[in-house]
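If you scroll down you'll find the structure; I have some questions about it.
As written, the chain order gives the labels A, B, C and D, with residue 1 at the start of each chain.
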Amino acid sequence: MKDLVVMDPKEIIARRVSLEIRPKTLVNLGIGIPTLVSDHLTENLGVFFQSENGVVGLGHRPAEGMTDRHLTDAGGTFTSAVPGASIIDSAFSFGLIRGGHLDLTVLGGLQVDAQGHLANWMIPGKFVPGMGGAMDLVTGAKKVIVAMLHSAGGVSKVVPECTLPVTSQRRVDLIVTELAVMAPLDDGLYLLETGPGVSVDEVVAATDADLIIKGDVPQMDLSRTA
Amino acid sequence: MKDLVVMDPKEIIARRVSLEIRPKTLVNLGIGIPTLVSDHLTENLGVFFQSENGVVGLGHRPAEGMTDRHLTDAGGTFTSAVPGASIIDSAFSFGLIRGGHLDLTVLGGLQVDAQGHLANWMIPGKFVPGMGGAMDLVTGAKKVIVAMLHSAGGVSKVVPECTLPVTSQRRVDLIVTELAVMAPLDDGLYLLETGPGVSVDEVVAATDADLIIKGDVPQMDLSRTA
Amino acid sequence: MHLAISMEEAVDMIPDGARVMLSGFMGVGTPDGLVRALAASGKKDLTVLVNDAARPHTGVGPLVTAGCVRKFIGSHIGVNPVVQEKMRSGELEVELVPQGTFVERIRAGGMGLGGILTPTGIGTLIAEGKDVIEIDGKQFLLEKPLRADFALIAARSCDYVGNLTYMLSATNFNPIMALSADVVIAEPEEIVPVGVIPPDAVKTPGILVDHVIKRTV
Amino acid sequence: MHLAISMEEAVDMIPDGARVMLSGFMGVGTPDGLVRALAASGKKDLTVLVNDAARPHTGVGPLVTAGCVRKFIGSHIGVNPVVQEKMRSGELEVELVPQGTFVERIRAGGMGLGGILTPTGIGTLIAEGKDVIEIDGKQFLLEKPLRADFALIAARSCDYVGNLTYMLSATNFNPIMALSADVVIAEPEEIVPVGVIPPDAVKTPGILVDHVIKRTV
C-alpha cells in the first residue's frame, strides 16, 4: 500500500476504488487512473485482473530485462502473469465481459451525469479516441465504477446530463473522484462520501449535477483495507 | 483401394463417391456408407477429414491396443489423427461447417427428391434419431453428396417430393447410389451415370422420381482414381 | 473458484427439477462420475442439455435409464433405445436442436448475446414458430440463447484456480458449456498445482469454474 | 495450404483497394513484416480492419503513415496522431466499432452467422440506423458480419500444413480473423515440421490458412 501522506488526487481515487474490490472476483481496470488501483490492493484477495486483449491474471509490471513482447496489457504496456493466469482470444475476452462474467470494471470518464450515464469515448469536433472496449465493459460488467478527477480545466465532469456522446445506456454503479464518492440511483445522484479533508459544501460547489445529501456524509476512510 | 470384384453395393457407392474428393480439401464423412469412402481414397491427396466432434485430420481406425478414449469420431468410434491434425471445440467445428470452410460433406439419406431435398433425420411416428449435425452440414458445406442405397425394402428412396421432413432447404449437389449417379438441377433430376452393369432402364424402373436423361449415360468408371 | 469438493457434495447441490448441461459426444468427454453419482442419487425431473443421448450405459444414458430425466434437449437420440422408448411412452420429453445451432445457442447464452442468426433449419420443421430475419437478402433463423442452472464439465487437467484443459475429441462441448451455467462443476482426470498449466494451454479459465471434484485416488 | 511464399509474393497478391484484416492489439500480435512490406510497396486505397490504430510506427501505423489506407474500421485511434490528423483532413475515413462488437462481427463473418445480437451500443450513437431487436423483453442491436479479402495473421509457430499457434497476449484477434477472409496469410515467428505442434495446441487449423510467409533467416 502506498503512503497516504504523499498521495496525489489520482492516488486518492485509486485507493478508494481499491476498497470496492471483493475477494475472488474478476476485475478489469481501464487505462489511466484505474490502472493505479491494483497497486493499492491488499495481497492475496484471490482477485484476477483481466485485460481486454485476453490476459486473465495480469501481474505487476515486470522488471527491466524481464519483459516479453508477447505479454502486454490493454494499453500495450509490458506486463506479467500471475500463477494460474490464462490467455483467451479477443472474442472470448469480450464474451466474458458481455456475458456477465466480469464482476467489476473500473473506467475513466470524460463526463458522468446525474442519471449515471458515462461519456468517455469522444469529444465531437475535438478529439475522437474511440470507444475501444468501453461500451462492452460498461454494458456487460456486473459492477461499473467510474474513477476520474472531479473536474477538468476547472469544469465539473459530474454534470446534470451528459453533453458528450454516452458510452452506454446502462447506469454506472459508483463514481469516485478525489472529492467524492457518488452513486446514481433512481431518484438522482447521491453523495456518499467526501474526499480526505473535503467538506460537503466544497463538493457541492465543485459539482454541476445536483447531489442528494442524506444525513451526515462521511469522509473517505482510506486507512482501511478491502 | 479395395478389390472391385468383391464390392457390395455399399462399397460401389463409397468407391464412386471417393472419386469426387479433390486434393487439399476439408471433407466431412457421415456415419454409415459415407464412412467407407476414405478407405477408397488414393494416398496423399492432402485431404483433411473433419468430424463434427472437433477432429480436423481423422486417420484410420487404430489397431487393437492402440486406441485412446479421448480420440473418437462422430460415431463415438476410436480413431486416430494424421500428422498435422488439430482439435477444435464444438462451436468452432460447426463454425467451420456453417461458415463455408467445409469443401465437401457426404451424408446418408432416408429420401432425396427431384428438387434435391434430402430427408435424413426422422420418420414421423416411427423413428426419430434426430438431426445431429446433418442440418448444419447440408446447409453449410460447399458441396453436398448423398450416399445411400437406391431403395429400402424395395421402395425407391429417390422420390418426386420428400414425404419425410427435410434436412435443409438447400439442394444437394450429387446423389450416389449403387444404381446411379444423379444431380438435381433447376429443371429436374439428371441421371449422370449408372452403376456397374446397370442399364438406364433398370435405373428408371427402380426410381420413383422422374429422371432427365440426355444422350448416352455412361456407367460408373470405378477403376479410375480421384 | 472454491476448494475441491466431493462427488457427494456436488450431487447435493443439484436439486430435483434442475436444468443441467452435460458435455460429451457419444459419451466421450462426459463427466461420467457425476452422471453415475446423480443417477444413483435418485434425482427427479431433471432437464438435461446434452448433444446426444449416447447409449443406455454411456454419456447421459445412465441418468435417463435411472428415470432422473424429465426433458432432453439435444441433437441426436438415435442409438439409445431407452430414450426412444421413454419418449414414445411420454415419460421423457425430447426437444431436438441441430447440433451447430445447439452449441452456438449455448455460447450465446454464456457470452451475453441475444440469440443467434443461423441459416440452419430454415425451411424445415425446426423453423416452426420461430422468427426469420432477412439480412442483405439472405434469410436467417433467430434462435434464442440456452443456459442452465448447472454445467457438468469433464476436464483432462485442472489446477486449484479452476483452469481446465481438455484432451483431443473429449473437448467437444466442454469449453462452451463452461460459459453458460449459473454453477459450473468440473470433474477433471487430474488436479495439478497452480502454475503447472501454461497460460496458453488453458482452455477454460478458472474464473468460470465454481467447483472442482476431488479425486478419490 | 500452399507452400511457404516470400514476403514479396504475399504483397503482390494484395491489390490496391483491397479490404484487409490485420490482427494485433496496440501493435502486439500484428504481422509487422507484412505491414512494413505493404507500406513500402506503395499500395493505395486499402480498407483496413484492425482493432486499434496503435502508434505511427507500430501495428497498422506504418501503413497509415505511408498513405496506403483509405478507410479504417476498428475500435480505438486515440494514441495515433497521424490517424487523427488524416481523419480531420478527410484523407482517412474512420468507422468506429465497439471492440467486443468488432471481434464478434468478424467471428460471425467466418462462422456463417447472419449477424450478432448484442446489448452493446444500444442507446448510443453506434445504434443509429441499425435494427434493434427485442428478445424476451430485452433489446439487442443487430450488427452485421464483417469479412475481408485478406487476413494477415501473426503466429508464434506454424507447420507446413498451416496449423498456427499464438503466444500470450499476441493471440488477441488472430484466431478470429483467420476465420473470416477469402485469403488468409500467416506470418509466423517459426515454421516447424508437420506433427511437431500437438493437436490440442493448435489454435488455428491449417485448413483455414492459405499462405505462410517463408522465414528469410
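We take it that a contact is a pair of C-beta atoms (placed from the backbone, for glycine too) under 8 Å apart; a residue touches a chain by one contact, two chains touch by 3 or more.
Everything quoted here is computed from the prediction, not taken from an experiment.
K.L.:
For chain D, which other chain has the most distant CA centre?
P.N.:
B
K.L.:
Indicate the whole-number Å distance between the mean C-alpha point of chain B and the mean C-alpha point of chain C.
P.N.:
Between these chains, centre-to-centre, one finds 29 Å.
K.L.:
Need the CA-centroid distance for the pair chain A / chain C, whole Å please.
P.N.:
Computed value for the inter-centroid distance: 36 Å.
K.L.:
Go ahead and note the Å separation of the Cα centroids belonging to chain C and chain D.
P.N.:
Going by mean C-alpha positions, chain C sits 32 Å from chain D.
K.L.:
Quick one: chain A and chain B, Cα centre-to-centre, how many Å?
P.N.:
56
K.L.:
Going by the touch rule set out above, which residues of chain B reach two or more other chains?
P.N.:
55, 81, 87-88, 94-95, 97-98, 140
K.L.:
Of all residues in chain D, which are in touch with two or more distinct other chains?
P.N.:
In chain D, residues 104, 107, 111-113, 118-119, 167-168, 171, 199-200 touch at least two other chains, as defined above.
K.L.:
Can you give me every chain pair that touches, using the contact definition above?
P.N.:
The set of touching chain pairs is A-C, A-D, B-C, B-D, C-D.
K.L.:
Flag every residue of chain D that touches chain C in the complex, lowest number first.
P.N.:
104, 108, 111-119, 133, 135-136, 138, 140, 142, 144, 165-168, 171, 199-201
K.L.:
Across the complex, what residues on chain B touch chain C?
P.N.:
51-55, 68-76, 79, 81, 87-91, 93-95, 97-98, 121, 127-136, 139-140, 165-169
K.L.:
Where on chain C is chain A touching in the complex?
P.N.:
1, 107, 110-113, 159-161, 163, 179, 194-195, 197, 199-200, 202, 205-208
K.L.:
Please give the residue numbers of chain B that touch chain D in the complex, ascending.
P.N.:
Residue list for chain B touching chain D: 24, 26, 48, 50, 55-57, 81, 83-88, 94-101, 140.
K.L.:
Would you tell me which residues of chain C are touching chain B in their complex?
P.N.:
The contact residues of chain C facing chain B are 25-29, 51-52, 54, 58, 74-79, 84, 87, 94, 96, 98-101, 103-104, 106-107, 118-126, 156, 167-176, 203.
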